[in-house]
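In what comes next, subunit A is part of two complexes: it sits with subunit B in the first one and with subunit C in the second one.
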Partner chain A sequence: MTPYVPGESPVHRCPPGAKILALIATGTALFALPRLDMAVVLALAALAVTGLLYWIARIPARLVLAQLRPLAWILAVLVLVQLALDGWLAGLLVAARLSALVLLAGLVTLTTRSADLIEALQRGLAWLKPLGVNPAKAGLAIALTLRFIPVLAAIAAEVREAQRARGLESSLVALTVPVVVRMLKMSDDIAAAIDARSYDPDRAGH
Partner chain B sequence: MIEIRHVGHAFGERVVLRDLSLDLTERRIAVVGGNGSGKSTFARLLNGLLLPTQGTVRVDGLDTRRDGKAVRRKVGFVFQNPDNQIVLPVVAEDLAFGLRNLGLRRDEIARRTDEALRRYDLFDLRDHPAHLLSGGQKQLLAIAGVLAMAPDVIVFDEPTTLLDLRNKRRIAQAIDGLAQRAVVVSHDLAFLEHFDRVLVFEDGRVVIDDRPSVALPAYVAMMS
Partner chain C sequence: MSTRDIVFVALFAALTAALGLFPPVTLPVVGVPITAQSMGAMLAGAIAGATRGGAALALFVLLVCAGLPLMAGGRGGLGIVMGPGGGFVLMWPVAAFVIGFLYERSLKTLTVWKEALILVLGGIVLTYAVGIPWIAVVARVDLAKAAIGSAWFLPGDAAKVVLVVLIARAVRRAYPTLQPR
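Up next is the complex of A and B:
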């Protein structure tokens, strides 16, 4: 989870819709090239450009590392498997490709206010309206996800601590049941809070 | 004015409010009662978050059953746990959430957001992730978010229960300083001493309805 880092850099000022499209395009391109050597060159180039963008956006190095830390173990395993099966070039490709993608996605959330991101997504999803998709609801769902990930993490930590105090830390049921119960209770309250603040999905997002 | 006429409420078989009829006109009204006495349900009826299973609730003539949206514009609501009330990830964005729902212009949203943030010393934290605020700051943000929508009345459901002493005082001061009318559900009796009216709930009924100097000692006697 990466919070927004305020700034005035060209990366910050770039329209959120363009950033999302660039992310999708890069993600597709990184997996589209069939030739291994070309794919490696592209992935390394993408990684270099991403690094440059972080520098332009003046994001501190510790935040760059924070993006990669949760991925470290998965990355290490994937690289080792590729090294063993397909050689060092394939290992390098996996490492460069995944890091570039994660860092680029992190850059979008680090340099875009979530309200702007949601607005861009709502506009981007407007064409799905005839299919019964409500872009305002989809936007709110994404915003709520961003907002409540840290809250859920805190609840899980609290429950884990309480169960550890009772010697139940190894019981999956003892951990998940209270978390789920609290989440359901919380979701009722959040829905009421959204209602109380005059939310109307048919006219939201203007 | 909020008019409550023969209001009852039940969750399935469980009856939580029984035949209440009240007119709420005072500037500061306190609601007290034991756990499960029906006071939180009562609070939720006042802005149409819950609809009564019997009777009617009217706010300035608007029926909560028919005119829910209009009622919610007049009556704001602050919940016990601000974590459930802050819906967007960044302080200023959350504050603007209700204003956007009112369909205000961008410059008006920005003006009201800044004003409300300054009022509660949150302006420097405007770009801060909401989950990193302290408990007191979160509750202030929740109040600011409701206040920015300029309601006539604000209902508070145990706004200080989860806070430490310093933050309790800060929130009590914030509520005291409101120009709006307020209905406050609370267990913090000292905070309610200078209110205009106290409603004591027990078993879904108002058993005492009086000035704090009379109602609060009677409530304490009743609970001991």
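Up next is the complex of A and C:
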């Protein structure tokens, strides 16, 4: 996940809830236009505005490129497929739309502390209360999920190394089973640790 | 839900996100990517059970909708759900719940074939039943074309069923998590 870059820019100070809503709205609008030429103009405009916001937030160019790097070859394949099937305008649309979305999502995480982000999501989930969902529990689950992703990646890398030493690196089962079992054991420890700190979801989040 | 259940929910949501680190292959014609992520729904159901598995995938879909780039290839946002693959993605929580439910119901009598059948039912039949008409509506192609285009998923999904059966059996032996229903 992307690290938080501290700052005092208007982008940093914008309330996290508003940022998430803007991200959702942009993501929807970028896919909603039926006409190709209009969609291309909108996608390019979104890309330009996102670039401007990065400049306002004073995010170093190195981090901007870091956002796009994992995407580079997927983007290349997508654009080539679109070029071959539907012409250059469709290829341009795919490239502009995808990079705008990824950069914008990256900007939200770069300029918002994850605690603030989770708190905003938790508040946004209050409408689920009548359905029997406790927003504080959902908030805890969100926070844990975001934390687990890099932990999972680290455990997977460790297990891969161990299995390579046994000549098992090409077996998906030999990779996945130890990762899942270790995560399950870790989950029990984490749950015990949370309970040991007297976490009470019915009173949490105040 | 106890604290342990919440941690399990988060774990399987994160596992589904981590499965997205395998690069996707996008199908032409229907424009839906093949990813390892649909395995997340099957694993969550088979290992965490109906309630926790379903909640885990619901949480994952929610985070994707909120714009986090957790889908394969770093994609995210409501656009994913509105796109051609949205039917499949929205069915993941349902698939996880149904798989978990059937696993818990037949926990005492599970055989390899029964497990495979449950996973095919929840992970393939149920998901395609919503996913294919969704493609037809969103991509504006007729139903037959959407169905033929989706047939490209079948070999990959069949391989995923085999993998999940092997993984779930091994995990169940090492660290049992399911309660019979």
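We adopt the following convention: the second predicted complex is superposed on the first by the 206 of 206 C-alpha atoms of A that agree within 3 Å, B and C clash if a C-alpha of one lies under 4 Å from a C-alpha of the other, contacts with A are read in each partner's own complex, and residues count from 1 in each chain.
Just so it is clear, contacts are C-beta pairs under 8 Å (C-beta built on N, C-alpha and C of every residue); 3 or more make two chains touch, one makes a residue touch a chain.
If you're wondering where the values come from, they're calculated on a predicted model, not measured in any experiment.
Enquirer: So in the superposed three-chain picture, is A:3 touching just subunit B, just subunit C, both, or none of them (first/second/both/neither)?
Expert: After superposition on chain A, A:3 lies in contact with subunit B alone.
Enquirer: In the superposed arrangement, does subunit B or subunit C reach more residues of subunit A?
Expert: C
Enquirer: Regarding the shared-chain residue A:144, is it in contact with subunit B (first), subunit C (second), both, or neither?
Expert: Both subunit B and subunit C are touched by A:144.
Enquirer: Applying the touch criterion given at the start, work out whether A:51 contacts subunit B, subunit C, both or neither, answering first, second, both or neither.
Expert: neither
Enquirer: Figure out whether A:173 sits in contact with subunit B (first) or subunit C (second), or with both, or with neither.
Expert: Touch partner of A:173: subunit C, not subunit B.
Enquirer: Identify the partner contact of A:194: answer first if only subunit B is touched, second if only subunit C is, both if each is, neither if none is.
Expert: both
Enquirer: Looking at the overlay, does A:181 come into contact with subunit B only (first), subunit C only (second), both, or neither?
Expert: Touch partner of A:181: subunit C, not subunit B.
Enquirer: So, does A:31 touch the first partner subunit B, the second partner subunit C, both, or neither?
Expert: second
Enquirer: Could you say whether A:17 touches subunit B, subunit C, both of them, or neither, answering first, second, both or neither?
Expert: Neither partner.
Enquirer: Which subunit A residues lie in the overlap of the subunit B contact set and the subunit C contact set?
Expert: Common interface on subunit A, subunit B vs subunit C: 140, 143-144, 146, 151, 190, 194-195, 199.
Enquirer: Going by the contact rule at the top, pick out the subunit C residues touching subunit A in the complex.
Expert: Subunit C residues touching subunit A: 1-4, 6-11, 13-15, 17-18, 21, 23-24, 26, 28, 43, 47, 55, 59-60, 63, 65-70, 73-80, 82-83, 163, 166-167, 170-171, 174-175, 177.
Enquirer: Which of the residues in subunit A come into contact with subunit C in the complex?
Expert: Listed in rising order, the residues of subunit A that touch subunit C are 20, 23-24, 26-28, 30-32, 70-71, 73-74, 77-78, 81, 85, 97-98, 101-102, 104-106, 108-109, 121, 134, 137-138, 140-146, 148-149, 151-153, 156, 172-173, 176-177, 180-181, 183-185, 187-188, 190-191, 194-195, 199, 201.
Enquirer: Please give the residue numbers of subunit A that touch subunit B in the complex, ascending.
Expert: Residues 3-4, 6, 113-115, 140, 143-144, 146-147, 150-151, 154, 186, 189-190, 192-200, 203-206.
Enquirer: Where on subunit B does subunit A make contact in their complex?
Expert: Its residues touching subunit A are 44, 47, 49, 69, 72-73, 76-77, 79, 81, 83-90, 93-94, 96-98, 100-103, 127, 129-132, 145-146, 149.
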